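Labels run A, B, C, D, E, F, G and H following the written order; every chain starts at residue 1.
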Amino acid sequence: MAGLRTELETLLEGVRLGEIEPAHALELLAELPYRDLGFARVDVHRELRQGAPEAVLGEGKTPAQVAAIVTALLEGGAGSVLVTRASDERARAVWVARSLPEIRGIVVMVSAGTSDGPVLHEARIRAMLLGVEVVVHEDCGVAGLHRLAAVLPDLARADCVVVVAGMDAALASVVGGLVACPVIGVPTSVGYGSADGGRTALNAMLCSCAAGLAVVGIDDGFGAGTIAARIARASGTPA
Amino acid sequence: MAGLRTELETLLEGVRLGEIEPAHALELLAELPYRDLGFARVDVHRELRQGAPEAVLGEGKTPAQVAAIVTALLEGGAGSVLVTRASDERARAVWVARSLPEIRGIVVMVSAGTSDGPVLHEARIRAMLLGVEVVVHEDCGVAGLHRLAAVLPDLARADCVVVVAGMDAALASVVGGLVACPVIGVPTSVGYGSADGGRTALNAMLCSCAAGLAVVGIDDGFGAGTIAARIARASGTPA
Amino acid sequence: MAGLRTELETLLEGVRLGEIEPAHALELLAELPYRDLGFARVDVHRELRQGAPEAVLGEGKTPAQVAAIVTALLEGGAGSVLVTRASDERARAVWVARSLPEIRGIVVMVSAGTSDGPVLHEARIRAMLLGVEVVVHEDCGVAGLHRLAAVLPDLARADCVVVVAGMDAALASVVGGLVACPVIGVPTSVGYGSADGGRTALNAMLCSCAAGLAVVGIDDGFGAGTIAARIARASGTPA
Amino acid sequence: MAGLRTELETLLEGVRLGEIEPAHALELLAELPYRDLGFARVDVHRELRQGAPEAVLGEGKTPAQVAAIVTALLEGGAGSVLVTRASDERARAVWVARSLPEIRGIVVMVSAGTSDGPVLHEARIRAMLLGVEVVVHEDCGVAGLHRLAAVLPDLARADCVVVVAGMDAALASVVGGLVACPVIGVPTSVGYGSADGGRTALNAMLCSCAAGLAVVGIDDGFGAGTIAARIARASGTPA
Amino acid sequence: MAGLRTELETLLEGVRLGEIEPAHALELLAELPYRDLGFARVDVHRELRQGAPEAVLGEGKTPAQVAAIVTALLEGGAGSVLVTRASDERARAVWVARSLPEIRGIVVMVSAGTSDGPVLHEARIRAMLLGVEVVVHEDCGVAGLHRLAAVLPDLARADCVVVVAGMDAALASVVGGLVACPVIGVPTSVGYGSADGGRTALNAMLCSCAAGLAVVGIDDGFGAGTIAARIARASGTPA
Amino acid sequence: MAGLRTELETLLEGVRLGEIEPAHALELLAELPYRDLGFARVDVHRELRQGAPEAVLGEGKTPAQVAAIVTALLEGGAGSVLVTRASDERARAVWVARSLPEIRGIVVMVSAGTSDGPVLHEARIRAMLLGVEVVVHEDCGVAGLHRLAAVLPDLARADCVVVVAGMDAALASVVGGLVACPVIGVPTSVGYGSADGGRTALNAMLCSCAAGLAVVGIDDGFGAGTIAARIARASGTPA
Amino acid sequence: MAGLRTELETLLEGVRLGEIEPAHALELLAELPYRDLGFARVDVHRELRQGAPEAVLGEGKTPAQVAAIVTALLEGGAGSVLVTRASDERARAVWVARSLPEIRGIVVMVSAGTSDGPVLHEARIRAMLLGVEVVVHEDCGVAGLHRLAAVLPDLARADCVVVVAGMDAALASVVGGLVACPVIGVPTSVGYGSADGGRTALNAMLCSCAAGLAVVGIDDGFGAGTIAARIARASGTPA
Amino acid sequence: MAGLRTELETLLEGVRLGEIEPAHALELLAELPYRDLGFARVDVHRELRQGAPEAVLGEGKTPAQVAAIVTALLEGGAGSVLVTRASDERARAVWVARSLPEIRGIVVMVSAGTSDGPVLHEARIRAMLLGVEVVVHEDCGVAGLHRLAAVLPDLARADCVVVVAGMDAALASVVGGLVACPVIGVPTSVGYGSADGGRTALNAMLCSCAAGLAVVGIDDGFGAGTIAARIARASGTPA
């Protein structure tokens, strides 16, 4: 925000001082903040503007297109680039990291079952690249509440908790009722039949009576990692 | 079952003995087990045949139609008659009981919230009329797990547990993970938006990973009371 | 239930006697009842606690993960282990049985069509491992009511009936109207177009007017076998 | 069909004979077969063209609009006019009959429950106005198969059977499996929750495995009466 | 119908005469009308009872199961056997015909587009096996109304019309407005996006304002062929 | 578009000339083009910027809020103001017109049935206020194709056609196949059951095979009137 | 329109002059405007009648069928033929162009992301074949509003704008709020989970509060190209 | 969290010291943290445990039930009590505040339209009771991007932004692309037709490509206020 506003003010100031022609200012406004690859307009300044390294959704793009975008971002000075929905299904995220932000704040991520793993790990990598400590606990489903007990000490020190769960997603409500920090739910498309490709988990999370819970899209580990890291970094202390 | 088979055998035996003409047997088969009110064919023998008193769905019938059906059932010798979906919303079930079966077995019914009350009570009345002890605990939602703790001793002695819950219905999974007896889930239409008129609760219960859980239709306290009572009576000891 | 409560009481008693430090008690509570494989927390005590051998959902797990979990369960003393949704489509369930419970109670399972076979057999194996006698009748759809007639004697002696049916699932209503014991419906994803992946069968079963019917998720033979066996064992006599 | 073709041939013949100017022929084609009331184009010739008296959907029209349309139809010579979805809920159909076709063929109409009454009666009135004998049996749901037994003799002499049923609509499959004549299913919006406003009944009928069954829209007694009467009149003998 | 009733009366008469023991009569009722292959109960008498040769849904069955069922039907005396949903996609129906009924009545089948072909041909084969003359017109979509004009003479002589159409299915309404005989609509799953796998076509047909139209399930050429042939045979004259 | 760009250029020019302080320019940009009523930010310049008079959606606003917004718009110099979804159901649109644009171009609006009237009239009023000639033909459903014939001459001279239709919306495909100008479809929520509140009509229009057809939201006469008028004004000749 | 009317008038005039027999006129009407390939009725006159070259939907047709149809169209004199949904996924459209109309009017097409490319290009090719200048801007999503800035000058000179966007389709609302010409939205099936195969984008566009926006079906670049070209050609000036 | 853990440790310590009997400890655990009103179990300690004052969902409860619960909470020492979904539709939230937490952090709330007001205000009141500064901007829809300009300075200083929007919810994506702090989206049920009761807005927000956005349920201002306040308080500085 600050970045965008600053650019705008700088531009206007340049115009006021006569250093920039108004017509040229319009051109600058239109051309500056991205690189045009024809099939893509790469936003090389987002890292500066929003404090988050650019990421590339691999799905629906050819490998050559992905490679060209990643190259443009690295040439634009990106500290790291994350490619999500890359082809190998169980490790769908691929990333390059040249420099990472100083770690600040703790995100605890819990999943209901082993099958939620790929989504949880996408969230984990995204949050890690944004500069937070990530603590992971897998397979904590509520059908055996005692399995959740070992997680309590970590939940107690979290700045933000991410719950990854499919099917009935009951874990989100149970965790949401136990902690006082913000909770981000990630519904997953695990399961068959009435799981309905993750819609049941999504709707169940959305009408959970646990306060302090917000939700991202089905299987959207990337989105969960992003907001969880922002929350944790803002409220957490440096490691 | 036994009843239907017996009637059929009796009829065939009468035919064999020459006491009943085949043509007449067909008529008897067609006419015997119900009373035809024109707009309704009242099944006055179901109580004998299935061990369950007849019940009347009030919705979609005029008061006069309901009254005529109830009268026919009582004249047919029904021990009790239950009218569901009667007009007053908070006490939708109305019933007449002349004689109840001896009590046998225990059903424990828990609800997630106060608003699930009407459905829970429909289940309670139905089960009571079928001859079981019913123990009720309302407002035990998982957002405060400690509220469920007081219910544990009763859960431990249940022959069947009924869980009445709307929205994310997480209570069904949590209870289903704690008990070893059969659990019947009743999704309710409580809530707005993503609760989707009870569909979210229904789907969440259907894909719960808790074993030993089966589900009836949305808001169908009547159905839950019926099957829970059958389970408890078969496995329970007389009071 | 009893198991969980007993452990808790034992722990508290140990604390009272000064044998266990409170801080250590918390650790025990968190660590005792499962084995942590990293990607999975294996619940090795469920068999004791709920009387049901552990089962493993194969879907969404690698073969290596499944093997590791099965090994952990057997090392934990499991009498049998059932893996559902294993890869071969027509015999999706795989199991190991070292010791089975004494047989008690009868479950009758009927299917509407030949294509419902895999789901019916998943239910059959699950119930068998839990210790009940299972009687199976396939292809009894209502379009030829006479095909159901031969099943009547077995229906009459069942402690619980399981109806496996897709498409319009009319068989559930017809069977539900004939028997006095609890009926568990399993909607299947058989059929195309308006069968809607099993949703039509599911909804049809849920709004059946047959009393005493409850339903599990689409194609969930495992869940049906579990609750049917629990019902039959509680009410049935030893074989 | 024949009517429309005849008009077109007559018009062309008139043009060939020089009796009608081509430009005028176009005008005639555009103006002839209806009366324009501004808000409605009343098709006063449909009775001649298709052998079915015009009907008026009351829903979404003001009483004045309905009255104007009915008047136009009667002035156009209609033998009868049927207004569906008129305001009084339990007798939604209103009709005027000046002359009815000679009766030909038999339609048997069965409903699953008392609440299906209004839809059944809309079908009955429509079929009656089209000139068939209609035999009605209400409340024949499959949960008590014996209630269907009395209907068997009438089913045996039907030229077409109409099954009116909501919720799981199992009656359609059962009846469809018993008869050899065409069966028209009418799903109704009776019931709550999983009945889903009639969609469950509709889908169940559509994927019934009973051969010889086709379906009209939810609650569309009018449509069922129309096609059933056409089928019965074509195949039936005069009364 | 007649068949079933006759068997029942014969059985009762035998019992009355002392020729059949009641207990044996029950056995006969249960065992007579099908052959039990274990995985299937083959209804070898349906052809006699309902006038329609048996058909086998290939989907969800192994080739060996299909072969066994076909063999049983032919051994049971079937005049023809139709296997639908066999593996080759563009000619999904396979059939064996030893003797066909005498042809009686005319069914005209029109499709909206070339892609509707496989469904139309399934309907055509089914109707042909049932003994009607079938006239086919493909690719008559309403976007070019003139393409429908050539079909008018055939529509005029039809005893029943089948309209096969996907996407918006407007052809069903247009044809339904032109003819006076019964019309059977078959929605197809042709198209992408908003065609929604045929649901749009299905719903559009169901709320068509054309009178005399009833609908079968999505892509259910078999069902359409069955009811259309029944209608045409009942009303048509021998060829 | 031009307007927005001009304002921006003017502002930058003022800054360049030193007439406007950059900080003040930002304030101007933020404050200029609307009036803040607290609960609403009234866009008083849209008429200049987009050539369309402002309109107010009455639904969800109190009468006082609507009145305040209309007043603000008139004080801002609006030539006309249209309030849609006002309370009286059959004439839902209310409007004030002080000056209307010169008429240019012809829009022909046809509806399938009388019940589509309110939506058609909302479209008509909107288009009229935008300055086009509007020709209306109601009740032209395809079940009587001849009713459409009279409309042909008007369709032939249209610059844009609007088709208002509910249920199966077949009229859109038929009209779309006849004309060469752009067609805008408006699905309506007319009908019950499978009409599904207008979704069937919407989906049917979206997968119509008629080229040159685009669609607005269900019952959105306002949107249809807007785009139709824009199309017609751009291509039409002055009246 | 004009074309169809002219043919009809010519035919009637021929009949009036005695040059054409009425019976023969009917045959001509039925046979003239298409070629019957058996599986397809090829509309060789549409180009004359509607000013749009014929196009062929490849999906659901065999290559041989497509080839035969294209040949028939070219033999019928088509200036160009476009085959959509051909097999290669990233360039799904294939076309033959012998003569193109004179260019007239400008369509600007913008997409939200790189993955929307194939749909955008289908629209581009279709519009180009219809004779308009097409200007394309890809990857202008609103998450970086500045990327849209460079497009403003082109938007300002458009006769029609096409917005191609999946997921939340916010670009359609933003563009719709900026321009004064008609906007055609094309929702795409890009994305996973809550994108719901394009339904979310479709619904979002349909309830956009931007005036002057109409929508085609999901991924229907062909339809968008068609209506956009019609709008632009009618309002635009020759190049 | 800390609270729950502390109570448990205190209890165990008391047991260790012999001050509390184990059996009594179990009773304490079950009875302590709520008051049982029969129809409700009031959680009087949640304020201590989670730092959030208790709130009561008015929907589905009688006024007497609401009053009893509020009284219990105040008697339990609550600093404030918020009742949501109270009867008056435009000011659905009612609250009592005796003491509020010290203000810490800033939440900026923007809505797309005036009709989103009630939901926005529920969020505002909830956040205010939790102790944050709330800045509100209503009616900032993207169809007039300039209306959003005035909000930029406030967005720049926010610790968390809440976007309240119905229909296409494009505002969430636009705002999400401008700010670097966490954004909470609240889809609203404003609008008709394709708005689909808020589902379109919900899905659009869930598949927004703006990073750092999470979503609560439809119309759930309460949930948004809760999580936004938690985020802002953790990261913000005291006022």
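Criterion: contacts are C-beta pairs under 8 Å (C-beta built on N, C-alpha and C of every residue); 3 or more make two chains touch, one makes a residue touch a chain.
If you're wondering where the values come from, they're calculated on a predicted model, not measured in any experiment.
Taking each chain's centre as the mean of its CA atoms, E is the chain most distant from chain H. Of the two chain pairs shown, A-G and B-C, the one joined by more C-beta contacts is B-C. Once the centre of each chain is set as its mean CA position, chain B and chain E turn out to be 39 Å apart.
Centroid to centroid, with C-alpha atoms defining each point, chain F and chain H lie 38 Å apart. Distance from the chain F centre to the chain G centre is 23 Å, each centre being the mean of its Cα atoms.
Residues of chain D found to touch two or more other chains are 4, 113, 144, 152, 178, 191, 193-194, 202, 206-207, 211, 217-218, 220. Note for the complex: chain G touches chain F at residues 1-2, 4-5, 49-52, 55, 152, 155-156, 159, 178-184, 202, 206-207, 211-218, 220, 222-224, 226-227, 230-231, 234-235. Taken together, the chain H residues at the contact with chain F in this complex read 90, 113-115, 117, 138-140, 144, 146-147, 149-150, 152, 190-194. Every residue of chain D that touches chain F in the complex is listed here, in rising order: 4, 29-34, 36, 38-41, 43, 46, 57, 59-62, 65, 69, 85, 189, 197-198, 202, 217-220. Against chain A, in their complex, chain B makes its touches with residues 112-113, 141-145, 167-170, 172-174, 176-178, 191, 193-196, 199-200, 202-211.
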